[in-house]
Each structure stands twice: as C-alpha cells, then as structure tokens.
Amino acid sequence: MFYRENGQFKASYVEDLRIFKVTQDRVAVLALVAIAVLLVPMLASDYLLRAVLIPFLILSLAAIGLNILVGYCGQISLGTGAFMAVGAYAAWNIGVRIPEVPLLVQILLGGLCATAVGVVFGIPSLRLRGLYLAVSTLAAQFFLDWAFLRIPALTNHSASGSVSVGTLSFFGLPLESAWQKYLFCLGFVVVFAVIAKNLVRTTTGRQWMAIRDMDIAAGVIGIRPAYAKLTAFAVSSFIVGVSGALWGFMHLGAWEPLAFSLDRSFQLLFMIIIGGLGSIVGSFFGAAFIVLLPIVLTNVPALFGLPLSVDTAVHLEHIIFGSLIVIFLIAEPHGLARLWSIGREKLRLWPFPY
Amino acid sequence: MTSMNATEAAATAVPYLAVNNVEVIYNHVILVLKGVSLQVPQGGIVALLGANGAGKSTTLKSISNLLHAERGDVTKGNIEFKGARIDQMTPNELVRRGVIQVMEGRHCFGHLTIEENLLTGAYTRKISRTELRDSLDKVYHYFPRLKTRRSSQAGYTSGGEQQMCAIGRALMAKPEMILLDEPSMGLAPQIVEEIFEIVKDLNGKEGVSFLLAEQNTMVALRYADFGYIMENGRIVMEGEAKELATNEDVKEFYLGLSGEGRKSFRDVKHYRRRKRWLS
Amino acid sequence: MGFFIETLLGGLMTGVLYALIGLGFVLIFKASGVFNFAQGAMVLVAALAMARFSAWAIELTGSMLFGNVIAFFMSVAFMIALAIAIERLVLRHLVNQELTTLLMATLGITYVLDGLGQTVFGSSVYTIDVGMPKEPLFLFQDVFEGGILLNPDDLIAALVGAALVAALALLFQYTKVGRALRAVADDHQAAQSVGIPLGRIWVVVWSVAGVVALVAGIVWGSKLGVQFSLSTVALRALPVVILGGLTSVPGAILGGLIIGVGEKLSEVYLGSFVGGGIEVWFAYALALLVLLVRPEGLFGEKHIDRV
Amino acid sequence: MTDINSATVTAPARGQGEVILDLQNISLRFGGVKALTDISFNVREHEIRSIIGPNGAGKSSMLNVINGVYHPQEGRIHFRGEERRKMEPQVAAAQGIARTFQNIALFKGMSVLDNIMTGRNLKMKCNLFQHALFWGRAQKEEIEHRIKVEEVIDFLEIQGIRHTPVGRLPYGLQKRVELGRALAAEPELLLLDEPMAGMNVEEKQDMCRFILDVNDQFGTTIVLIEHDMGVVMDISDRVVVLDYGRKIGDGAPDEVKNNPDVIAAYLGTSH
Amino acid sequence: QSEQFIPLLVYRTGSFAPLGIPWANGKLDYLKMINERDGGINGVKMVYEECETAYNTDRGVECYERLKTKGGGGSLFDTQSTGITYAVMDKAPLDKVPVMTMGYGRSDSADGSVFPWSFPLLGTYWTASDIIVQDIAKKMGGVDKLKGKKLALVYHDSPYGKEPITALQALARKHGFELMLLPVIAPGVEQKSTWLQIRQQRPEYVILWAAGIMTPTSIREAQATGFPREKIYGIWWAGSESDVRDLGATAKGYNAIAIQGSADYGKAHDDILKYVYDKNQGSADSRAEVGTVAHTRGMMIQMLTVEAIRTAQEKYGKGKAVTPEQVRWGLENLDISQARLDELGFGNLMRPVKTSCADHMGSSWARIITWNGDKYETTSDWYEADMSVIDPLVKAGADKYAKEKGITPRDCSKE
C-alpha cells in the first residue's frame, strides 16, 4: 500500500532515465547515503567500522568491478584477487618511489595499472569463452601471485615479501582513525557505484550485455566484440584495482600476496552470484552477505550459550556457508537482487497476491 | 451451440488424458494459466490453438512435467492420464508410460549427431539392436532428409532439419500420446503436410493420441478431431474441429478468412484489434 | 641426460596423477555440462573416509590387506551415498539453470564437503597405507651416473590411472548411457523430455566421479598424507582438463602428461633463473597457449555457433 | 537444362530501382556439406526479395553470407557497387545491413527497450568516459536515440512490454522485438529469416503490415525468408528458389509459382 | 576489575592445522592451569578467547581488530604467524598493544628501540638459521669445511619461509658456502621438482623451512628421491611429532632445531596434567599430546605471557588487571632467571631470559633434535646464535624500517 508508484507518471525521458525511478526509492537511497555519511561515523564502534563496514565497502567496490566483467559482459574471471593485488602493489610502489604523489592519485594510478594488466589478460577472451576463459584468468591469478612473491623489485626488496604502508593522509587531512578511513572508502564506493551504474545503463553497458547474451548476434548488430570485451576488462580491472589499493591501504595496512589469493577471487565471485549477476545493488547485497555471515556464524552460537570450539565453528561455518549458497541458488538463481525486486513487486501488488 | 456439443463429446469419450482446472505460476509471481481444463480421448487428435503467449506451450509442459526446469509450478488442479494422476511424476516416468513431448524450438542435442539424437529418443525402451535399427529406419523413412544428414552434429543442421530431428526423436520412444508443440514451425509447406500425414498415419495405424499446439490453424483443424482455443491463459472456446473451422470468429482471426474468402496479406490494410472472448 | 630423462619420467608420473583427478572433472562435465569445483573436496573426503575406515578396519581384522579392502568398499558406499545426497539436495533443484549457477552450486558443495569432511573425520593428518612400495628404484645405473630414479608407487598409480581412463572412455563411447550423458550435458530440459532420467544419470555419474576421486584420494593420500590441503591438488589438475578438452576422457590423460612434463621441466630448467616456484602458473600458461590455437582444448568438443 | 543463373529476370512492377546487392557465383561449403553451390542473384533497391526453398536448402546460409557471418569459398558480392569478399558482420552492419534470425537471437537478459536500443549502437557516438559521467552530451544522445526507439516501439505496438526482460516473452512477441531491433538501426537492407514462423494468421497479417510499411515508408530494401507461401506470394516483388544449395528458380511470384522445378522441389501439389 | 583478557589467535583449520592445533592447545592448557593452580596471577583470573585465523592474514587482522579492545584490552597478541605479524606490526603502536612472537615474526624487531611494541622472544628465524648452520658445520667437522659446499633452503613461499633468507645469505657470505633457494608454493603438497633439483644438484644439507602438511611431504619426497633424512634440518615449526609420526621409520634421522629445550619434558607438564587433564579440562583430545613439541611451545608462550603480566603487576599494582600498555612494559623488563624457571617447571625446557629496551629477544638458545623413528631425541648441546652475524642484520633492518616509517628510534641508553 505504501509502496506504490501509482500516480507517478514519467513526463519526460529524463525522468525515465533516472537510476531510481520510484520516488520512494529515491528518498530511501538518499536517506541511506545521509545515514552512511553522517550517522554511521558518529555512532559505529571502532570494531564495527574496521572489521565490518570498511571491508564491506571495499569488497562491494571490488564486487561492482567484477560484476561488470562477469555479470554484465559474461566473461568469467577467477583472477580478481590478482587484479586487486596489482592495484595494491602498484599504488604502494608509486607511494614508496615517489612519495610526493598524493594518496588519491596513488590509488587511482594503482587502478590504472590494474587496467593495463587486466586488458592484457583479457586478450585471450577474444578467442576463448566460458570455462576456458576462466582458466586464462586463473593463469593471471597464479602468475601474478608468483610475481609479487618472487620479483623483489615489486616489493621494493622487502626481505619477507610483505609490504606495509606508512601514515596516510588525504590532502593534508589525516587518515588514521577508523571513521576517517571509512569515509574515505565510502567516497570511493559512492562515486564508483554511480559511474558503474551510468556505464551499464548506457550504450557501453548494452554492448557488454549484448556480448554476454549472444555474441554472434551482437556482431551482426555492429558491436565490435573485441572492443566490448576489452573495455569490460579495462573498466572492471580499474575498479577492482582501486578496491585492491583500498584493501591494502585502508584495511590491511600491510600485506603479502596471500591476501589477494585465489580465495579472494572465489569470495568475490560468490558475492556477485549471491548478490545477483548483472546488478549493481546486488554487488552490495552480496558483499554484505559474505562479510556478515562469518561474523554472525561465530557469534550466534555464543549468544545461545553454545560453546563451540573454534575449529568446529569454522567447519560449521563452512557447512552453513556452502549450504546457504546452494539454498540461495535454488531459491533464486539470480541472487539477492532478484529476490529484492520480487519482494518489491509483491509489495507493489500488495495486498493482492498476483 | 458448439460448447454444448463439446461437453457432450467430452462426456462420452473416455477421459484418456485429462487436464483439470490447472493453474500455473512462473517464478512465484507470474500467473500464466488460470484454470485450464481439457481432455484428449484415446486415439484422438486434439488441437490447442491460440495467439502468441496464450499459454499453449505452458499447458503442454505442465502435462509433461517439464515446467520445473523453467521455475514454473502447477499450483492448482490436477492432470490424469488413463485415470492415474501424473502431475507428480518425473518426465522419465511419463515417457515410460507413453507420454512424450516434442518441445517448441527444437531443442536438439547440438553436439550429438542426428542419428545419436534419434537414438537418445529410445532411451527408455529396452529393445534389441535390430528393433532399434527398425525404429531408426522408420524415422528415416518418414524423414529422408535426416538420413542424408545422419552423421552431422545437430547443432549445425538447418532449422527445419532440427525440427524433423526433434519429432523423429520423439517417435523413437514409441509413445502412446505425443504432445506436439508447434510441429510446423519453420518447415517447408510440403514437409508440414508430410508431418501431419505422419501424425494421421500414427494415429490411424498405431493408435497414438496427439495433443498439438499449433499456429498453423488451417492445417491443424484439418487433421484434428477436436480443438480448444486459448486466450490469456484460459480456454475460451472448444469444439469439434470441423465446427471450429466454420466458426465465424475463428475464421476471421485464425484462418484469415473473412466473408469473401482469403484476403491477400498485402491488402489487409489497418491493424485490426483482436477480439477477446474473455479477458 | 640421465637427469633429463628422470625429470621427464617424474613429469609423466605426476601427469597421470593429475589426470586421475582431472578425470573426475571430465566425467561430471560430460554428463551435465557442469564444471565441478567440488572435485577437489571429493578427493579429500574420499581420502579421509578411506584413511579413517582403513585405520579402523585394519585394527579390527588385524590384516592390512583385508582391512584396506573392507575400507575401500566402505568408502565406495560412502561416495555413492554422497552422490545420492548431492543429487537429492542440490542438482535436482537446479535442472536447466545456467552454467554459472551450477558452477556456483558446486562451489557451495565444496564448502560443505570441506566442513563436513573435517567435522566427521577430523582435521589432523592421516595416513593411508595400502602397502605401496616407497623406496625409489634406480634404473640403468650403468648407463647414467646415479641411475634413473623411478618411484614404484608412481608407476602403480599410473597403471591404475590408465586402466580407469580406458574403462571410462569405453563407457562413454559405446554405451547408451554414454550417449544419454552427453545429451544431458547439451540440454537438460530436452533430455528430460525424451525420458532420460536426469536424477538417476546424475547419481551414476557423481558416484563414478566419487569412485574416481576415491582412487585419486588413495593414490595422492598415500603419497602425501591425508589432510585438508589435499583438495588443492585439484587446482593443479585444472589446466590438465582444459588442455585436453573438458569433454574428453583420453584428453585428460594426454593433457595430464603434457602438463606434468611441461611443469616439471620448466621448474627444473627455467625455474632457477627466475627464482623458482613457476610450475603452477607455467602449467596454466601452457594450457593457455594451446587454447589460443585450439580454443576447445586438444580433444574438446567445438562450441557450436550457428545463427 | 537451361542455366538458371544467366537467365534474365523480368523486372516486376515495383522494385525498379538500382541493383544494390549483387551476388555472383557464390559457393559455400562446410567440410563435406555443400550449403550453397554457384548461386547468383541480385537485390534491387526498395524491393521485397524473398528466398524460398525446402529445409536445408541454404536459405539461412545465404543470409549469413550476405551479412558476413559466413565467408563463401567462392563468388563475389557487390553491395552498393563496392565489391567485398570477406568481411565481418560488424562491417556489414556499419554499411546498413540489419537482420533478424531464424532461431531468435535476442539478448535474453535485457529488457525489450534495451534490446532495441542496441540496434542504435552504431549511431551513438559518445565514448566510455562520457557514459561514465552520463552528463551533458551522453544524456542528450541517450534521449535522442530513446525517442527514435520509442518510435519503433510505437510502430510495432509493443509499448506495454517495454521494460519486460525479453526471455519471458512468448515466441511471437520475441520475433517482433527482434524486428524492432533491426529497424532501430534504420537499415538500408533488412534481412528477415522466417519472421513469421510460429504465428497465427492474424499475427502474420500484423507482421506483413509492418514489413510492408517499413518498405513503403522508409524505402528499406528487404530480403525475406519465409515458408508461408501465402505471405511470400502476396508481398514479395521477386522470389529466389533454392534447393540443395542450388538456385532452381528466380522471378516474380507468379512465375515462380508455376515453375515446374519449384513445384516439384518445394511447393508440392497441394498448394 | 580482576580479570586479565588474553586474546588467542589460532589456526585449528587449514593447511597448518596439524601444527596449529597442539600449539593452540598448549596455550590454552597453560592458562587453564594457572587459573586452576594459582587462581590466576596474584588473584587476577585469566580470561581468554580464541579466534581462528586459518593462517590467513586478513582473517588474522580481523581477529586482531575484534579482540584488541575486548575485555579491557587484549593483553598481548601472539599471532602465531609471520604474515599476520607483519600486517599488525604498524597497527600495534597506534593501538598500543604489544605483539609477542616467540620464535617467529619479524627478526629485526628484536631491536626494541625501533620496535617498542614487538617482542620476538627466545629467538628469531635469523638466530635459528645461524644455529642450524653451526650444527651443520660441526657435523662436517668445522666451520672451514663449509667453504665451497652447497646448502639448500627449501622453504614455504610466504613471509614465514622467506624470513631466514637474509640471515642465511649473510652466513653464506661469511662461511663461503653456496646457498640454493628452493621455494615451495603453498600449501606445499607438490614438491617433486624441488626434490628432483636437489637430487641433481646434490647439496650437502637441506634446510627445511616448512610447516603443516608441507613437512611430511618434503620428507616423503626426500625418500622418493633418495635424499638421506639425516641431512635435513627443519626449522622448529617443522620439528613436531605431528610432522613425522605417521612417517615413522621413513623420517628416521630427520633433524630439527628446537627452540630452547622445547623437546624435553618438565615439571610444568606434570602440573598441566594434574590441574587440567585430571579434571577433564584438557584442551587436547588425548593427554598424550601434553609433552609433544608443539604443545610445549604453546605452554612456553603462555608462560612468558603470564610472567610479563606478573612483571607488569609488580610495577603497576599487584592483584590488578593491567593494560596492554603496561603489559608491554612487563615484556620489556622480563627477567626470568634459571631459579625462577625451575620454580615455574620450565627449568630444563628453557634457559634464562632477560629483555631490555634494546633487546626484545631476551635469549637465543636452541638445541638440535633428531627423530629416531619413534620419537625425538635431543642430539646436540645448547647453541646460542652468533650475534656478531645477526646483530648487524637486525640493525640494518630496523634502520631501514625506521626510515621508511619515519620513526625516531628511542634512545635506549636513557631508559
């Protein structure tokens, strides 16, 4: 009853082109952003910010990047972790070698390096498809893992192979406390989410989706497959690279290649599948789900006073995690985003069932 | 009145296949069939007609239980075959009982050759090599074109060849009841006639019953005994095929015949709004 | 020269072991068009089951041979039960879904198996001892200095692997079930429509894949010990099946050999120049190179593109 | 036997225009399968040119040759006077050739509107960065093209399903959307592969109307494959008949209808 | 309040679980024993919470974030992982929590003037490297025999495995031996080419920087390529019973370094059995685990923790819980004499430790143990690292770190 779009007519195409077409949605999203910017930093505990919200934001960003490639352009990638690593290491190297470069630029340049690498590893996509392509991205994953582990120049000859970042600042403002880092990440996420949404709702996005859905037909319409695929790789790796740099700089502070291992790639893939392939909001849902689930799972038994040893808890977490993935896929193969939209559909029809 | 006759016909015939008041919902939200009931008598050929999106394919798939694969659910009603409920059976059991569907859009196994495609049709039959050979020859006899393409991968054959392959594959199962979804689609006129001749042949000689969803109303009504017309997920009209063929509305909307006979496609000037029997 | 041959042999042996794991992938892919990421976890679970059952059975019977045989059959039963459970609980509900969905489901299964396997069977290192000879053989000692080293356990494993491959290749090529499997992989719904019982087919295939996983688990487990990390060897086997073609049983073997040899030679001869540790990505790069020439792998089925 | 290819074809009442597409001695093989053998025919500006023939005759392959999906082993193709031997479909699209497919090739995951918008892909000039910001030019361009697309949507009367994902649409509507996508490109040459398969008479009538109107209003040249002889004979200007990859007839509908080779190979006696 | 919160980062799952489980149990058992036997430290009960890292750096960081402020502040973090240590190294000074890394972690953090918050007590990978080389030299009949010889380092390719390289290279330069570096990719189950290379190059000895599943795999591959087990030296984390037990005779002759005397059995073990296991409070599945090398190390770590807290209490108020910052002071002013060790039941397991502002390691004693097919035997006398080699490396590393991070080192002579 409350969620109705009756009476909201779109009088112009500009209105129809809005990201959130229903007034209620628009209000809700603005409110959400306002809360995220104003209320959360004030109210959230340090732990909540550092261990939940910051990882959630950064992983959402990475998921958006990956979703562009997998969800929109249909190119399966298992090398996301490696592309994050490229962003992180590149930004770090720039910072170490040219300390004058401001942090923001460092991170964006990290993203650009990831773009370059992403495009190179995207080239096989011009010939390969599906799982065979996934293998080429796995090659990227393993090769880059190796490179960051074995090429001393990339870690500035750090003996342990792990690198760490110094004190951070954003154009003179310190970036030390949790809320500062949180706001910094939030800024990135909002900006890139809007950019990503813009891309996917215009020609670029339609080209990607066309390639995903049927590449021959796309060619017949005049879409250049090579261009579409490589731009998808480029944009996706850029966003993923930026998120990698944020992950390294804002979340970890110090890292080794293992932080961007294949597990990370799978984790991100899970996020977008659970969240919803080809959906920007879905990326947020997926990230929230994956970040929160382990935390909930470790805390819930304690709430009920069940003492679980950590290893049982971890194994149980795996079991529950795996089962939930399967259950979700069965319930709705298109992810939380689709469940969300079905929910809204029902709400719109409510109180009538169909 | 046609509907009077129809009910009489249905009452007298043995309810061989009976669809009773079926409701189908896709994806938990999209209501597609809104209480469909129909019967196919033993040895009958029944046509299911209707516009695009009326729900013909959905009806057939709810009988053959292929709906699950499309996230569709029969939420109300039931389906009986030879007196037994079949709505909970797996497609495999149905094929064993003799009910098989030829799906719309061919659905050949692209990587298998034409001959392998045909052989998969006999999966449920426990028969000797020679019997299998005979069945295969029978199909090749019906569709000589398939024989020449027998060792090509189905994915590379032409649209019409695939259609023949799909029908031939179903015949390999030696079914008692075939649900044919748009068999004529994409086939050359000659072949269309041939296919319907095959239908008639199987019906006459082997007593196979048919429920066919067809857009080619003209041909369908010529070969069918009985017909149902669907609109928007409901049966809006039913009757003996001959009667339907002479019904004015049917003539106008499904046969393209108006008072003075068939009009050239070039001359049908304005887009006519389709008359709805029910909405 | 002696060393080269040795490395080559080592590579070939490893290759067959990879192929043994790759086989599991190929089986399931052929039969449902699904790439089963859970294969590694299945190897782990199978090996865990075997290790625990055999410890128990050997103690009970006091005979290593008997104990192992009993444990083997118990493990086979366990893998079949697992296959049935997977079909009931997962696959059945995902008929006709997109490939990515099924792929993800197998990733979900991986997690469940990892957790379940370790909860049920424990997470320490266990041993499987089926009495494989462990001491190396040195051949041609008079021809090459130090002889050529050959591990008899590898050799036995290779023979087992080759036998398994031959049997499965025959199954696929010449039986009605083989054809039905391929049909299922092409189009679930159409396969259902002609009466192929998807459920049963899947149970069969996952069971066979489970048994293959068990054999792989026994071979690898008796080499490495059975522990969580065993599942990671599956990732090493991935380039193998890709190279051979995801749909080809003999491809898995050939791919295994090529990758095994390529990997070992590269590590031994090139690795030292760049700091070592290159074999993992080298295997992938090798597979990728072949793919660029043949996008569907050496023996894989061509993707059908028609409009 | 007379050489069909050299036989001159009498120009029908309509379609007097220039030859815009000329195919000479096209042969296409797939391994051992000869899909097309030494086929020549042309298409004149503004006409509706039909290709008919039994199943597997090579009709779809012919369209695939015209728009560059298949590359014939032999033969020459002139489009608008320019010769081309081998080209990619994107290039054909850029030259103004659009088409629909026999097995619907819509982008399943996208809405009707987006599908049709992809048809305007070649006409849109903004780049990635402008799209990313979606401000100023990009937005203006999007709206301009949206207006064109809305025209197509109105023309095909599919307003109601604008935002529906195409995968959920019934077959017939999908065909219509596919036509919309091709029309959105404002093509000079439109290739239609069995646009009316799976439709009932009323829907075929609608479809014919659309085709004729496109042909009339925009002067679009149309190459049509169709098995419904009623439709073909009623609306085409000239008809080519293929059988087993060879051309067995070419001419005005009436001529073709009475050609004994054609009757034997394709039409059969009952029509 | 009168509870002292101890965060416990552990890995009971993952590829290092075989090592991680007894290790974590040892840590737990000691705390339980202290609570049970002494009623805590001067009446302050120890409370604790385990957090599973799976040896995964970012899970470790998350655990750290979660536990650092819990229960009045996590007294100190023993991350059990070099990787996690590196990651929290920069956070700890800001959060003011000490990081104690007994026998692992960042070797140059022994320099307390640059790393006030880090405590690699009892020895680092650099001191371990030196001691292993000392023993090898001894077996070969003198340091001069090393010249021109070849030693191979087979290592887990992670910060953990790479840490000793700096020291071994320095030693190679000093003694004139050649060092072969053979990385093994995590988790270390595929080592065929590594050992083929060893077979080809025939190094004199192999130094094995392995852990978890990688260790038995290495030994198996050594057998498969005919490399004598007597010529392998494992780092202490590769020298637990879980690494070799299942191999039995296959591993016979395999050497490992033991941090301090951690392969021995002491009175502390008896106390644990008595106060914990006899009351069915034991963390391990079987009491046989008590006394195994990895379990004993867990106990040692926890003993050092408890003693650091006790030291802190002595300064900041007995019988009161101390803050992490105060624990740091305790760690920096540890002074455990042999007498005190005997009292604690660690008399034969350890040698005295004394830390200071400049020396955060305290001591670097170690012995070599050898697997006899059935159990480990101590086969060497006590060694101490040659600090003339190690100290310059620590200094160089610490200076570089200070420069990178803009840290002004404390002046230890003033403290």
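Chains: A, B, C, D and E, in written order; residue numbering restarts at 1 for each.
Here is the rule we go by: a contact is a pair of C-beta atoms (placed from the backbone, for glycine too) under 8 Å apart; a residue touches a chain by one contact, two chains touch by 3 or more.
All figures in this text were calculated on a predicted structure; none of them were measured in a lab.
Participant: Looking at the contacts, which chains touch chain C and chain D alike?
Facilitator: A, B
Participant: If I average the CA coordinates per chain, which chain comes out farthest from chain A?
Facilitator: Comparing chain centres, B lies farthest from chain A.
Participant: What is the distance in Å between the mean C-alpha positions of chain B and chain E?
Facilitator: 75
Participant: When the C-alpha atoms of chain A and chain D are each averaged to a single point, how far apart are the two points in Å?
Facilitator: 42
Participant: If you average the CA atoms of chain B and of chain D, how many Å lie between those two points?
Facilitator: One centre to the other, that is 29 Å.
Participant: Where in chain D do residues touch two or more other chains at once?
Facilitator: 60, 69, 101-103, 105
Participant: Among the residues of chain C, which ones contact at least 2 other chains?
Facilitator: 118, 123, 275-277, 280, 306-307
Participant: Two-or-more-chain contact residues of chain E, please, as numbers and ranges.
Facilitator: In chain E, the residues touching two or more other chains are 12-13, 17, 21, 157, 183, 185.
Participant: Could you list, by residue number, the parts of chain A that touch chain E in their complex?
Facilitator: By the definition above, chain A touches chain E via 46-47, 50-51, 55, 96, 146, 149-150, 159-162, 164-167, 176, 251-256, 258-259, 263, 309-311, 313-315.
Participant: How about chain C: which of its residues touch chain A in the complex?
Facilitator: On the chain C side, the touching residues are 35, 89-90, 93-94, 97-101, 104-105, 107-116, 118-119, 123, 235, 238-239, 242, 246, 274-278, 280-281, 284-285, 287-288, 291-292, 295-297, 303, 305, 307.
Participant: Which chain B residues qualify as touching chain D in the complex?
Facilitator: The contact residues of chain B facing chain D are 26, 30, 49-54, 57, 104-106, 145, 149, 152, 156-161, 163-164, 182, 185-193, 215-218, 253-256, 262, 264-266, 268-269, 271-272, 274.
Participant: Touching residues of chain B toward chain C in the complex: what are they?
Facilitator: Touching chain C: residues 64, 66, 68-70, 90-92, 94-96, 100-103, 107-112, 116-117, 119-121, 123-124, 153, 155-156, 169-170, 173 of chain B.
Participant: Using the touch definition up top, name the residues of chain A that touch chain C in the complex.
Facilitator: Listed in rising order, the residues of chain A that touch chain C are 70, 76, 124, 127-132, 135-136, 138-139, 142-143, 145-146, 149-151, 216-217, 220, 262, 266, 269-270, 273, 277, 311-312, 314-326, 329-330, 333.
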